[in-house]
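As written, the chains take the letters A, B, C and D, and residue 1 is the first residue of each chain.
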Amino acid sequence: MRMDINCDMGESFGSYRIGDDDRIIAFITSANIACGYHAGDPQVMAKTVALARQHRVSIGAHPGYPDLMGYGRRNLETFPGEISNYILYQIGALAAFARAAGVTLQHVKPHGALYNQAARDERVAREVIHAVKAYDPELILFMLAGSLCEEMATSAGLRVAREAFPDRAYLSSGQLAPRSMPGAVLDDPARVRDRVVKLATTGMLTSIEGKEMNFKADTLCIHGDTPGAWKLAAEIHGALEENGIKILPVDHCL
Amino acid sequence: MRMDINCDMGESFGSYRIGDDDRIIAFITSANIACGYHAGDPQVMAKTVALARQHRVSIGAHPGYPDLMGYGRRNLETFPGEISNYILYQIGALAAFARAAGVTLQHVKPHGALYNQAARDERVAREVIHAVKAYDPELILFMLAGSLCEEMATSAGLRVAREAFPDRAYLSSGQLAPRSMPGAVLDDPARVRDRVVKLATTGMLTSIEGKEMNFKADTLCIHGDTPGAWKLAAEIHGALEENGIKILPVDHCL
Amino acid sequence: MRMDINCDMGESFGSYRIGDDDRIIAFITSANIACGYHAGDPQVMAKTVALARQHRVSIGAHPGYPDLMGYGRRNLETFPGEISNYILYQIGALAAFARAAGVTLQHVKPHGALYNQAARDERVAREVIHAVKAYDPELILFMLAGSLCEEMATSAGLRVAREAFPDRAYLSSGQLAPRSMPGAVLDDPARVRDRVVKLATTGMLTSIEGKEMNFKADTLCIHGDTPGAWKLAAEIHGALEENGIKILPVDHCL
Amino acid sequence: MRMDINCDMGESFGSYRIGDDDRIIAFITSANIACGYHAGDPQVMAKTVALARQHRVSIGAHPGYPDLMGYGRRNLETFPGEISNYILYQIGALAAFARAAGVTLQHVKPHGALYNQAARDERVAREVIHAVKAYDPELILFMLAGSLCEEMATSAGLRVAREAFPDRAYLSSGQLAPRSMPGAVLDDPARVRDRVVKLATTGMLTSIEGKEMNFKADTLCIHGDTPGAWKLAAEIHGALEENGIKILPVDHCL
């Protein structure tokens, strides 16, 4: 019984601060580090890689659309090949800081609109997979559990870390319950604890409609930019540990 | 007798075109490829790496200040460490495209204001050298022949390609004659031919004041953004070839 | 019988050049000047306003999406209100250069993806109209003749200049024939001349299917970034003049 | 006895938050609103203008260098005319939001490196003054009391609001004591209160060396991006009010 905990990190930019990296880092095993397109800058990247290294947290690239103003959360029309090139660019940029710090990249997790589009749009998924494989076929792709992209990446021979969101409810179909649905976001830490323990020990999850379902997840996502995220991370970390689940970088969980 | 010919490449951006890369590529052996800060974008980088690979031209990163509006030609105040991080970021970004194309980086040549500042400012030179070594101590640094940075980089154990400008006159001190000086820029192709042949075969150059001086150069720079640059490249290439000088990527010249 | 001829201008950026403004300016009566989002920068804007003023060409703002890399040609998801604010920002920026030069803005013409979306998407159209009215209800909106946005803007009390594309064929429905359709782009200058004269003198156009139809246009668009655009501008200008059509800024045509 | 209190506002960008505008707005009379170059974006600008309008706080443009990554705090080399054009662009952009909200611009205050350079560098000062006059000679320029730029702007016929920093010590020369000097930054609210009351009622200030000196100031600057800035603003506001000094937009103080 093993589980990875990941969080987006290094999303500050210049004088602007987002996230509580210094606190959250203690409770996670994989850091998705922004690469300067939707967030992050070279100084922030260097610092965040150093922070992760110091805490023995594995490092991944967190590429997004070139849209700092929209924080990578807006869909952007792209022409064929552009997404692959955006991702290659950002993986490489982060890899340079990893290399200078003597560590290697474990994974790639697309950000925001790019993640959501990859999860369900075949062309976007193909470009994401192409970029990751072209850079290094050993890299692990973090992707929404049960998504089209998870399936395509697995078929393409990539290692995929299936991602679950501990503070979000799921439909019986296995898909995320839309935020607009009552109960879609779980606020009660006790319930979140119960769910992650159950998920990690049994591979089961109760859907929002009350159905028990199989749900395979390799990594749990903490949303670093919500206030108090570090507390949720601490809760989840504590719950898993108390129940004998080994919390390890995803490279040791697949 | 060997000589490298280098040129800045991939400095287009989006719909904007600069340079005559498709023509010049035939006459050079090292391409300095812009990395998206002062010029270039992921699509242009991918395309330029492919072009260089196809012509068996060696590839280098051409990092600049984050100043697209100023084309990297303006000095920018930086705080300690920023320059190193800017350069790491850009080397890594380009290296990703090289890696995806199955080639490796040969060198790094700073661009514009960053090059000029590195040549004479100790702090800037130190940051440039630090970044190149931190990324890969085997990378070759292209630097103004006779500059402070050349000296510092050599002392630091880096391989340095000493760069000469075939269409520029030099002072007897070995420094570039300032552009404001009459005769500082050579317009006559025949004179440029004579100079590069003499430089490559004898290691001597006549200064603007008429003095014969020793001048060690490993690579000749073509300014790709001046109109007709490909013709000058062809002239220089022809002159060297006719005089039995091997034109090779700088990795084979050091 | 009057007609305006407009062209996008000031789309250079930093060291990057696009368009042949110095030549085309002689043949147009309205200049759509880029405002620094999809193209243009403060230096280019100041210079382009001065050029237009010198040639007594009326000035308009040419706002686009904040996407220099995509030249404003890609759809960008926006949240309610963002488009209005993007347009206000850009109108104001250009208006400052007009004010410093002692001239006033005549019109606003959205660029690229923003223009195309405004033409057919009600929410985008509403935001465009809102921004123009909020800035100055006397400003003229340049919009695709026969589009949803033309109709909405007219209903909202804005003055609208209905725009025709002299080098493009139209369907019998009055809509532009898609570029993918054979014959959609007219290459033959003689045909373009005939069409614009007929349009200006009779208000009729022959559709790509051969049908004669009423077509009201107040301004003809020259695509400044196609090579040889100035020649087409000269042709059109000559044809209109020879046929007694007054070529005037659109403010005098409505 | 009148005094204006000003603060930089609207320096958030996209998802990034800086400053405590909603709290500080209650204690100031002039808002310097960022214009999208060093900070701010169209959404933030619209919202900040609305906030100022609602609180009857006068509005000014707060232009900076085009350096979001450096928050406009780094010197940037510029070519002649660039600074004027940068400022015109930014004033115009903000003026559009003011116009849409039915208010007018009261003033211009350069930001960060641009402010500091204008204060002491003749060329920069000249370009700042030129831009403000070219846009609207009635605009008030906020500038460091006792600086070269204050003098030049006054000679040029501009109205100048002489700015004092209530939490900073001054040398007997009238210049700001450098931050590196012990005692340069005043942490004790009681001392700050005493100083501003004395300054506003007597036009005198005690220098860091203990000398009493004349010091004319029309506006007091609150640094909005320091934590707890709103408390200092409240302290100063309270102190002035209790001592019978009218706190009014600077337009009413000159």
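Quick note on the criterion: a contact is a pair of C-beta atoms (placed from the backbone, for glycine too) under 8 Å apart; a residue touches a chain by one contact, two chains touch by 3 or more.
This is a predicted model, so every value here is computed, not measured.
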State the pair with the higher C-beta contact count; candidates are A-B and A-D.
A-B
Separation of chain A from chain D, taking each centre as the mean of its C-alpha atoms, in whole Å
42
Starting from the mean Cα coordinates of chain A and chain B, work out the distance between those two points in Å.
40
Expected list for chain C, residues touching two or more other chains, is 69-70
Considering only which chains touch which, label the overall pattern as line, ring, star, complete or other.
complete
Within the complex, chain C is touched by chain A residues 66-67, 69-70, 74-79, 113
Quick check on the complex: what are the chain C residues that touch chain B?
13-18, 41, 68-71, 73, 225
What residues on chain D touch chain C, complex-wise?
36, 42-43, 45-46, 81-82, 85-86, 88-97, 99-100, 131, 134-136
